[in-house]
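The letters A, B, C, D, E and F name the chains in turn, as written, and every chain counts its residues from 1.
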Amino acid sequence: MLVLLVNVNTSAEATAQMAAAARLKAAPGTEVVGLTPAYGATGVDSNTQSLIAAVGVMDAVRRYPDPYDAVVVGGFGEHGREGLQELVDVPVLDIAECAAHVAMMLGRTFSVVTTLQRSVAQVEDRLLLAGLVARCASVRAVGLATRELDDDPAAATDAIVACARRCVEEDHAEVVVLGCGGMAGLDSLVSAAVGVPVVDGVAAAVAVAESLVRLGLRTSSLGSTALPDLSATSWPIAPGEHDV
Amino acid sequence: MLVLLVNVNTSAEATAQMAAAARLKAAPGTEVVGLTPAYGATGVDSNTQSLIAAVGVMDAVRRYPDPYDAVVVGGFGEHGREGLQELVDVPVLDIAECAAHVAMMLGRTFSVVTTLQRSVAQVEDRLLLAGLVARCASVRAVGLATRELDDDPAAATDAIVACARRCVEEDHAEVVVLGCGGMAGLDSLVSAAVGVPVVDGVAAAVAVAESLVRLGLRTSSLGSTALPDLSATSWPIAPGEHDV
Amino acid sequence: MLVLLVNVNTSAEATAQMAAAARLKAAPGTEVVGLTPAYGATGVDSNTQSLIAAVGVMDAVRRYPDPYDAVVVGGFGEHGREGLQELVDVPVLDIAECAAHVAMMLGRTFSVVTTLQRSVAQVEDRLLLAGLVARCASVRAVGLATRELDDDPAAATDAIVACARRCVEEDHAEVVVLGCGGMAGLDSLVSAAVGVPVVDGVAAAVAVAESLVRLGLRTSSLGSTALPDLSATSWPIAPGEHDV
Amino acid sequence: MLVLLVNVNTSAEATAQMAAAARLKAAPGTEVVGLTPAYGATGVDSNTQSLIAAVGVMDAVRRYPDPYDAVVVGGFGEHGREGLQELVDVPVLDIAECAAHVAMMLGRTFSVVTTLQRSVAQVEDRLLLAGLVARCASVRAVGLATRELDDDPAAATDAIVACARRCVEEDHAEVVVLGCGGMAGLDSLVSAAVGVPVVDGVAAAVAVAESLVRLGLRTSSLGSTALPDLSATSWPIAPGEHDV
Amino acid sequence: MLVLLVNVNTSAEATAQMAAAARLKAAPGTEVVGLTPAYGATGVDSNTQSLIAAVGVMDAVRRYPDPYDAVVVGGFGEHGREGLQELVDVPVLDIAECAAHVAMMLGRTFSVVTTLQRSVAQVEDRLLLAGLVARCASVRAVGLATRELDDDPAAATDAIVACARRCVEEDHAEVVVLGCGGMAGLDSLVSAAVGVPVVDGVAAAVAVAESLVRLGLRTSSLGSTALPDLSATSWPIAPGEHDV
Amino acid sequence: MLVLLVNVNTSAEATAQMAAAARLKAAPGTEVVGLTPAYGATGVDSNTQSLIAAVGVMDAVRRYPDPYDAVVVGGFGEHGREGLQELVDVPVLDIAECAAHVAMMLGRTFSVVTTLQRSVAQVEDRLLLAGLVARCASVRAVGLATRELDDDPAAATDAIVACARRCVEEDHAEVVVLGCGGMAGLDSLVSAAVGVPVVDGVAAAVAVAESLVRLGLRTSSLGSTALPDLSATSWPIAPGEHDV
């Protein structure tokens, strides 16, 4: 089984890290291929970047030449899954949604620890659209941008643990979700520190993808996820000037 | 990996059918053991029966002598998962909740096709408690009790297909969920008839169980799912007279 | 008029206290009979115990030999009312729900003061299912288990008052509900201390029962509360070993 | 115990009918005094009339010279209870709210049968404000204004029964509420016709008033229901010209 | 274009201030006429006063002898707009609702700064009825009654700024709404102090009125806002004694 | 005052029609400049196209060389406003949101008439995100794609009127919103046919833009709408191949 794990930012290094973390938890027989969009932003921390990234993500998947069984979109709160679900007929999973689904099966309430305060809005909006807010105790920010997580990993980890602790103690979260693709791999450490299960969205999404593929389930081809008529749609789009 | 699939009714035949259906879709290496409670009801179609069944289910799991990796509770709308999550530390999955989680990843809205009109209330209540109603387009009943499904399988199938069709055409459901453990195995047939993905809760729950086990995730041991102090609790309970 | 007040735990002493408190506020002509389940838990502070208690409660009511006019289930957040409503045709009242109903008629918002933090979840779930959360300002825990309330009544009272004060001052509750059958009788004291009406669920439920009986109203016999077909249901159930 | 039952319209005949119906179901020892506002509208079927009626209702209660134990406002969807709760310190009950509270204790869902389609909006708004919509299956109109109910009682009754039947069959209501003070007394007849409990708001509110008085509970004097500073408020107000 | 700006309290001075503030921001060609009800309260801080004020507001508009193009009701959380919408066929705007509508177009979340804690309830209720709570981060009170705002303007302004700051910092409001007609004119100052857009409801409502008039849009004449049959309604009503 | 009206599709003809309709209702002194994205789709009827269109819309606004006072995004249910609000500091209005805001001020409930059934999902999602669903009675589709509206205008108009009539008669909508930029200009005709106010989103958004500009209000620069750090973001993007 081959799962395409498409990063939402343009950092090949981040893609590699995320794919490596995913492979550690994937089932035997699952091949995880990391894809980096050819354009977008090196760190996606706004709606502007998220919308460009969504097109870059669709472009990256569309260009992938070989067959695959599922797509995981590695962005926590970013746009894009809703478009990809129309374009491809294999399952398309969003790591924010998968993390919430998994968290809800492990406890009555969950909290999300994300990067910047402005990302809280995007995460909340994505959960709202996906119908996953009823058991969400809180979405809290550590105050670091996606790219800053790598600058000082130790400090970032401390901030994430402190934030997760507030989710547990103040918001009564029974499960914590790591709300950024760039936090992949920190789940065990944070869980050990705060004493509740911690869900890494990338691992969760790959596991869900494996399940859906094995069950033979695909995205609905009726309704809002049906293949649209793209005959009069600009495609591809790439960085560069166009004539005005 | 060993998954305990515990039926909520006391029909060993129903347990066997459900376990057989589950094994067809389980991953290689997953052993599915069907458990039948020693007491409860041969078909659970009310809250009274559901509450007795919940205790029977906890009793059955508690008596199981060997190690296991996850528990799937095979009731659609029945009580019980909330108790078992406290008692055991491996993941405990409810087929109604798992079916909804899986359905939400395959389309924007889902409907549930259940047995009797009175079961609609129980299914709606379970989804409400689990925080899974926002994307539920409808819960519809075919008008047959659990035990009647087996009496005339062909008629039951026709009724299920007709009901699923109304979900798609009138309620704009993009995915349909089979809302009774006794409907396990009909998913492909119904999907072919109505043209949208159809989720069988038993298969969904086993797949989710496999994922959680592989990811090393367990139910939260903090908060509402923590192990309670059962020192002054009557246990076991069994059919039979007691002194008043 | 005879009202059965069935305790959810197995402490005959607790039943006697609750019934005595109820009698102090019952109308002239109302006889309150306290029932103690033959099995369950001496204090119900978890879903596991609550599910066993629900069966014990149904068993106790079912065994009661004489006629009665209404049943009050003396548990705050426990399972059971939904089953009893099917089994008997006189009104069945849950003290948590009755307390909320009464509180909503006395002010715009109410808070519940309950025992343990884990019980908060159960109280919230019961109010959610009953459709009574919209005007609930908060559910707060004093941090004492049901059985601990009796160990040091003075300390328990202080903790309850302090918790009620936070509900009023921080959550702007205009009414406070005592969220545990074991707190029956403390309403006047807490009200005097915090300055808002305080509702004792047992007294509230008995009063509601009296009203419904006088109005000649009974539980609906159509839909989710109709009498189920119990022909193939294990009954009675009692503590003791059964053959596996 | 003396309960003031204040009509929201200015028809003394309607007040007398409502009070007579209430007395039939009141407890022994409860005296029901009907009050008719000195101004307002002979039938209240709009927000304009409802707002004038609210002031007339407050005026009528304020002028009542003798002591009383509770006030019941006999309007289904009208304004006014929120003002009276501030003005008097005995319990103030709204028949729409009381009917909903009582209905929720008799089944899982209830529907309201009201007069005109435009009244549906007012009933829905009142239930929304009171936090009582979660278990409301529907609010349906029979298409007759309040005053038309009396013109042809037989036809009105037929229309009410037909409307109640749709609530049960199409909306799966388990309890029906008569959504107009002018329908008082029809509950038994409608219940016999449609097979579910039918709640008459006036009887329900008087019963609730009796309970609250017996329990010694009063409206909260803290928060939104506290007595306001009325020193600089025009009062009384009466029909007649004023200088502009 | 002539916009009637009707105050909800009876202070002609407050009307004049509000109208002056409105004129500063009105479009060229918009005439703002301030109306003061002949009765009601000099400051409206409760439901009792709000209901009397609503009738006074309808009375004032009804007596206005000349043509006008729109009505703005200058109360933040008061009753009345729902009645006026029935009575007149030009647009009727409520400053609380208009402020919320405008705020929602300037940021993802908004908070309201109002006068007394008890007014919080009324503002929340009005937003709830108008369907405008989903993006409301909080409603906070400065702790001063309407009439106190004028007693010490400097202290009032400091309290408003401090309160607005908490909305931004603790509740993550991206826009602040001044929740009292008497705060008109403070928007620039508060905005400069807290760094987010601040919406003055009076200015917002006049601007909305101008837009609707220019677009030729009027209140719906079908449904809950249709002209009611007022033939048997007491009118006018004025301060003074009536015979009982 | 100059308002940029940016189409979400790439049809210059559609832009011209929309801008012409907008100018008919704009205030004197308002200049409406129509912008057509250089890439995207000739008709946007899916999430895929909507995401590409959002980038095209941001690109078109970003390239506009002269000053402007507000931006109106002419798409009903499309992505994009959330990105533009970050990029520019003048007000950015979405026609779906503005139409809903205006409709809510004209009646208690509104319905949206949109193009295809699949667009219903997108419109519902946009209203959900904007916090504008509470008073939305329904979103209904006429069953014609955006581009088909122009093929047979008479048939399209008939279909729109028939759909609006169902909204009024079955869903009790008091106001109807035309849910597609391509329906601009049909409001009077549909309103005359169905008897309720009909809101054209483009006209509504231009009017709102005029108001906000006159009031001196701008999008919040704090929180989710603040200018992001775009230093490492691919820009511009244009149709054409890029190296993989």
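Here, contacts are C-beta pairs under 8 Å (C-beta built on N, C-alpha and C of every residue); 3 or more make two chains touch, one makes a residue touch a chain.
Note that the coordinates shown come from a computational prediction; the quantities given were computed from them, not determined experimentally.
Participant: By label order, what chains touch subunit A and subunit D together?
Facilitator: Both-contact set = B, C, E, F.
Participant: Work out the mean Cα position per chain and let me know which chain is farthest from subunit B.
Facilitator: The most remote chain is E.
Participant: Work out the mean Cα position per chain and let me know which chain is farthest from subunit F.
Facilitator: Chain centre farthest from subunit F's centre: C.
Participant: Distance-wise, how many Å sit between the C-alpha centres of subunit E and subunit F, to the nearest whole number?
Facilitator: Roughly 29 Å separates the two chain centres.
Participant: Using mean CA coordinates as chain centres, what's the gap between subunit C and subunit F in Å?
Facilitator: So the centre of subunit C lies 52 Å away from the centre of subunit F.
Participant: Between subunit A and subunit E, what is the gap in Å from one C-alpha centre to the other?
Facilitator: A distance of 44 Å separates the two centres.
Participant: Touching two or more other chains, which residues of subunit E qualify?
Facilitator: 108, 117, 121, 172, 223-224
Participant: Of all possible chain pairs, which ones touch?
Facilitator: A-B, A-C, A-E, A-F, B-C, B-D, B-F, C-D, C-E, D-E, D-F, E-F
Participant: Inside the complex, what are the residues of subunit B that reach subunit A?
Facilitator: Contact set of subunit B toward subunit A: 25, 27, 91, 93, 97-98, 101-102, 104-109, 130-135, 168, 172, 174-175, 195-197, 199, 203-204, 207-208, 210-212, 214-225.
Participant: Residue numbers of subunit A touching subunit C in their complex, please.
Facilitator: The touching residues are 108, 172.
Participant: So in the complex, which bits of subunit B are touching subunit D?
Facilitator: Subunit B reaches subunit D through residues 117, 120-121.
Participant: Taking the touch rule as given, give the residues of subunit B at its contact with subunit C in the complex, in rising order.
Facilitator: 10, 38-43, 45-52, 54-56, 58, 63, 79-80, 82-83, 85-87, 117-118, 121-122, 125, 128-129, 145, 147, 223-224, 226, 228-230, 232-244
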